[in-house]
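Multiple structures are listed underneath, in structure tokens.
Below are two complexes that have chain A in common, paired first with chain B and then with chain C.
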Partner chain A sequence: MSAVAGLSGRRALRVGPLSAVWRPRAVVVPLVLVGALVLLVAVDVGRGDFPLSPPEVLRILLGGGTDADRFVVWELRFPRALTAVLVGLAFGMAGAILQSLARNPLASPDMLGITAGASAGAVALLVLGGGALGGLLALVGLPMAALAGGLSTGLAIHLLAWRRGTTGFRLVLVGVAMAALLTSLTSYLLILADITEATRATVWLTGSLNGRGWEHVVPVALVVAAGAAATVVTGPTLAALRLGEDSARALGVRVHRGQVLLLATTVTLASVAVAAAGPIPFVALIAPQVALRLMRSGGPPVLVGGLTGAVLVVGSDVVSRTVLPVDLPVGVLTAAIGAPYLIHLLIRRSRRDDA
Partner chain B sequence: MATPPAPIRARAGEPTRSRGRRARLVGGVLALIAVLAAVAALGLAVGARAIPIEAVWSALFSPLGSDEDVIIRTLRLPRTLLGVVVGTALGVAGALMQGHTRNPLADPGLLGVSAGAAFAVCLAVFAFGIQSVAGSVWFALAGALVASVVVFLLGTLGEGGGSPVTLALAGAAVTAFLGAMTSALVLADQSTLDVFRFWAVGSLVGRGEGALLQILPFVAAGLVLALVNGPALNGLQLGEDVARGLGLRIGLARATGVAALTLLTGAAVAVTGPIAFVGLVVPHVARTITGPDHRWLLPYAGLIGAILLVGADVLGRVLARPGELPVGLVLAFVGAPFFIALVRRRRLVTL
Partner chain C sequence: MTTTSATAARRAPAVPPPPPPPARLSARDVTLGYGDTVVVERLDLDVLDGAVTAVIGPNGCGKSTLLRALGRLLRPRSGEVLLDGRRIDRLPTREVARALGLLLQTPVAPEGLTVADLIARGRHPHQAWFRQWSRDDEAVVVEAMASTGVLELGDRPVDSLSGGQRQRAWIAMALAQGTDLLLLDEPTTHLDLAHAVDVLDLVDRLNAERGQTVVMVLHDLNLAARYADRLVAMKAGRIVAQGPPRDVLTPALLEEVFGLRAVVLPDPVSRGVLVVPIGTRSGAGAQPRTVSTRGEE
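Moving on to the complex of A and B:
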């Protein structure tokens, strides 16, 4: 490995045929985010009728403490916090990929109807649970229902936006229409249900972490791991697509194949996250943009976007359980943070468009 | 109100052609009224119990108090009239919104105006226990006003307004935010949820006896303001600078537009719940007949909106017999493909 002084005083790292620009931010920002995440998880796990201080929590997680301590932390509280982390990672990564593909900072799985599709699939399962169709759905379970809903919506959006190639612009607008359609379908499903089921479905639709256990952690963990691997592999393709389709094609990227692959990754990540914790709003929208500003990179960074998403979800959960007087679903809080940020983004963007 | 700028009026050099065009447009209005009457008759005849047209006629004009007469006069007539009024309101609101934002994808349902009204109505049920239309209509109006001002500001920021994509996304985001806040309210109280979910789906059923009469004044005021706004809208299509140069008072024209939009959307949403896509589809259909002249476009949009809403309601009853699908769901399945077809056109219609 050698370090060579590059253009504008930047140093280049070279290992055989590979080379990269050495940027301190690329190392410091992820480390700070991971540190913040560990701290927030420790605070989150420590909350409850049997309070534990963050250092105690960390000691128990590393194998210390009594049997009772270990039971409370490992069986009752840690799965919930871990679900929050993984769901945040999945939403953040999905949002970063989609924003790069659509080349629009406002695109995200919630705006494009992918989470609406996953929600419709899952609500269909919750509501029609007793019927013949419901019996079939119950066999495959909530994650599969959400995944099926999300994937078929993603496929539909892709096919409908396809016209001798697809553009970010058409993808976004077709997605908005699909989101409106699926939301309408979900509210129809809610009136078919009895009131207890409708309440259960509504809690889930807002995005909630209550009562999450290891059975919720495992599927998201697998998909997030696969998504992270896919991100590393498709990194160069995504970087080229950020320059626009024509430039990417000129750089030798197979544009269509890359788009399909990345879209499939986004949809899978978002759908599995929705299955685990419901469509927590705005995380996929904000996290990549915050990460972009922290990293000062060319486009929304995928892995750091995921870390930012995790910090956002766990942080919102901590705030809703410590600061607020009532225990609100985490989705209400992310919406309250997300909407003002979004409006700020829109105003800035329109100023830039004028210039 | 400013007078319409001269170039918008029919060109003076072609009196015969403009007279022909006017006759054609008046004929179109009469034809649409006939279609609306036919669809409304279907709305009276079709349902869980099909009633022949002769029986519908006699129930309306010489009722004898039979079962069929009671069904028609107490259930289907109010429902159909409500559909006509709400459809007119939403169609005109869509034309206003597309005209003011100069954006072909604008629709009160998609851009969050309905969601604003919905959130406010939910607040009324939750915080004050208000369930009557007479009470909740004021909340709906306030919510629609705030949401439409926000969306207008976002959509018309800077020169020439934001792009269609930005406006559509802003609307989707405002809707998502208000949706999350609405569910926070609904989750706090199960009885609110039970009222809310039947309303949120968008339906003409079971809205109480006097609902129509209670919203009628608001819709009427909104329609008058919208028609008054028509000539000014024609001027605004040329861009704010040209319109100002022609002597148009921009602030007044915008304020009239927002007031009309608020009255129409707020009143409609208060009764039927958020119904999307009517305001989107209707102005495009109307524009193919009338061209860009808003003095004709607005009345056409109202008539076509009424036909679409009543027609969708009838379709919902036919498709799921003996039950029925809510009109909001039917319209979403009609409107979303239309929206997608619009997006797939090579170039979006620029307004």
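Moving on to the complex of A and C:
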């Protein structure tokens, strides 16, 4: 009997009391993505007035090179690349969790207005806080303001749409309305601001990695690490929730508690990423769907979605700085990739709903 | 004589028949509803252990609502659902999931999820994040797949299956939970007759071989009559009659509960009964002479 050899596609990995399913894709795909990420980061860090080849960059990152090399790489360029990686991870993970919870590929933090809420919070601080913003306040204040904006949006969506069932267009429609509302609030704040602050905020709002330093890396790094740990622990709950609320409850999941925890994780990841690099558009929407197709798993995978997001952000940054004649903010490029993809998703979705 | 007992049950729905040994699953005076609507009012039910119970009734009579309440998906407005003598909504939901499996109406699996992965989710109440595929898990899942005949479909995405295969896969997931009690909400919807019979044969086998207690909502009266040990007939949120199919399915009850004029014949295949609707196309004098309007043999 074939049953003796185990179930095909679900080979076991067991050590003592620990057990998991051995899926080659779950090892190979992340390894390939990490490899691509290292390469892209090396290229990204090498770009600039003082060009370095990718092998040189890697050597310097591993401790080699002159003091000047190390200063350029460690102090000036690597934080920027690392911010890109972490922000990509955060957006990708946030998108995968939200799409899984809502069982809807359109439900990403950007579509539901969560990043718009975080942006409004951050812009409010940038504009109302004025030029006094710097040092510790920039390190703690901006992420906190973004988090406050993101969390209130998340709460509003939860109250307005979520409790009546997470699937379908209702959630997305409420989200789109929220996003529009918050975007106009942000515009209003920009009009209030003086011209220099408004310009700065506008660049930041397209999603930009320019001038990112360690003070931007630290908060996202902490949140991404916590988010990744939470993802591992809540993995089975999320897997059950992908079957729908009733099925999950039947399987013994505390549905409401799980949803609130996971929604809070999503909002935190997305908001802190917004604080670090602005609301880089579409990453949270696309990355999980690409990861889903790479992994062929049932539902957008969270960690691989994060890695895909990181590749997308760093890759867009590399392209905008090498191929294109002008240095564009990274968000311009992700929007150029993301918008056609969104249209494709909407058409395919509405066809299926019509059928 | 069967008619008289059924009539008695019908006249006094609040008085259950002589109490059998305490049921593992029961509803006590439950009132159920959604929003402002009350669907089920002050209902009592003891689920007979080790038996297959079918809940029948017209659309909107509260069958599925009752099943959802028995499966703790819906909290009663008042009254209580008891599992092993304890209030089901006060038990840890995980513990309930190890005692009671539930198959909902037309569940939808995420795109691309494979059959084996779906069925393995049934082990959720027995797992932790660091223990996701133990030897026990694997053995139970393989057995659930074998008994539902989906073992060779393990690698296929659920959304690529036919209706019958999909239904069996979902039943296998509920089986993989390894519970003594199984609640099925219209397990044969959207299936053609042959596949419906397949699914119910499976239910019958589970009951016969593992002694599993099954409660299912069924629309087809003849399938209910054939496969259930007990029928619970509901109308407008109340139980009108319950008992063996032969006692419950009488022309009078069908008229009362469903507004259906029908004759009840002995089932030529089993020792049960067969409901034949009269409708308007029956034609004068076309009634067979063997008609027994009393549901007797």
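Keep this in mind: the second predicted complex is superposed on the first by the 313 of 355 C-alpha atoms of A that agree within 3 Å, B and C clash if a C-alpha of one lies under 4 Å from a C-alpha of the other, contacts with A are read in each partner's own complex, and residues count from 1 in each chain.
To be clear about the criterion, contacts are C-beta pairs under 8 Å (C-beta built on N, C-alpha and C of every residue); 3 or more make two chains touch, one makes a residue touch a chain.
Remember, it's a predicted structure, so these values are computed and weren't measured experimentally.
Contact with chain B, but none with chain C, is seen for A:M178 once the two complexes are overlaid on the shared chain.
Applying the stated contact rule after C-alpha superposition, one finds that A:G16 touches neither chain B nor chain C. Judged by the touch definition given at the top, the superposed model places A:N104 against chain B, while chain C stays out of reach.
Looking at the shared chain after the overlay, A:L243 reaches chain C, while chain B stays out of its contact range.
Contacts of A:P24 after superposition: neither chain B nor chain C is touched. After overlaying the two complexes on the shared chain, residue contacts for A:P51 are found with neither chain B nor chain C.
In the overlay built on the shared chain, the residue A:G211 is in contact with neither chain B nor chain C. When the two complexes are overlaid, the chain among chain B and chain C that reaches more residues of chain A is B. Contact with chain B, but none with chain C, is seen for A:V203 once the two complexes are overlaid on the shared chain. After overlaying the two complexes on the shared chain, residue contacts for A:G299 are found with chain C alone; chain B is out of touch. Comparing the two interfaces of chain A, the one with chain B and the one with chain C have no residue in common.
The touching residues of chain B, when paired with chain A in their complex, are 105, 109-110, 150, 154, 157-159, 162-166, 168-174, 176-177, 179-181, 183-184, 186-188, 190, 193-194, 197-198, 200-202, 276-277, 325-326, 328-329, 332-333, 335-336, 339-340, 343-344.
The part of chain A that touches chain B in the complex is made up of residues 104, 106-107, 110-111, 160-161, 163, 169-170, 172-174, 176-181, 183-185, 187-188, 190-191, 195, 198-199, 202-203, 205-207, 281-282, 285, 326, 328-329, 331-332, 335-336, 338-339, 342-343, 346-347, 349-351, 353-354. Those residues of chain C that touch chain A in the shared complex are 68, 71-73, 92-98, 101-102, 104, 107-114, 116-118, 120-122, 124-125, 127-135, 137-138, 141-142, 145-146, 151, 154-155, 157-158, 174, 177.
Residue ranges on chain A touching chain C, taken from their complex, read 2-3, 6-10, 12-14, 17-21, 100, 103, 232-236, 239-240, 242-244, 246-247, 249-254, 292, 296-299.
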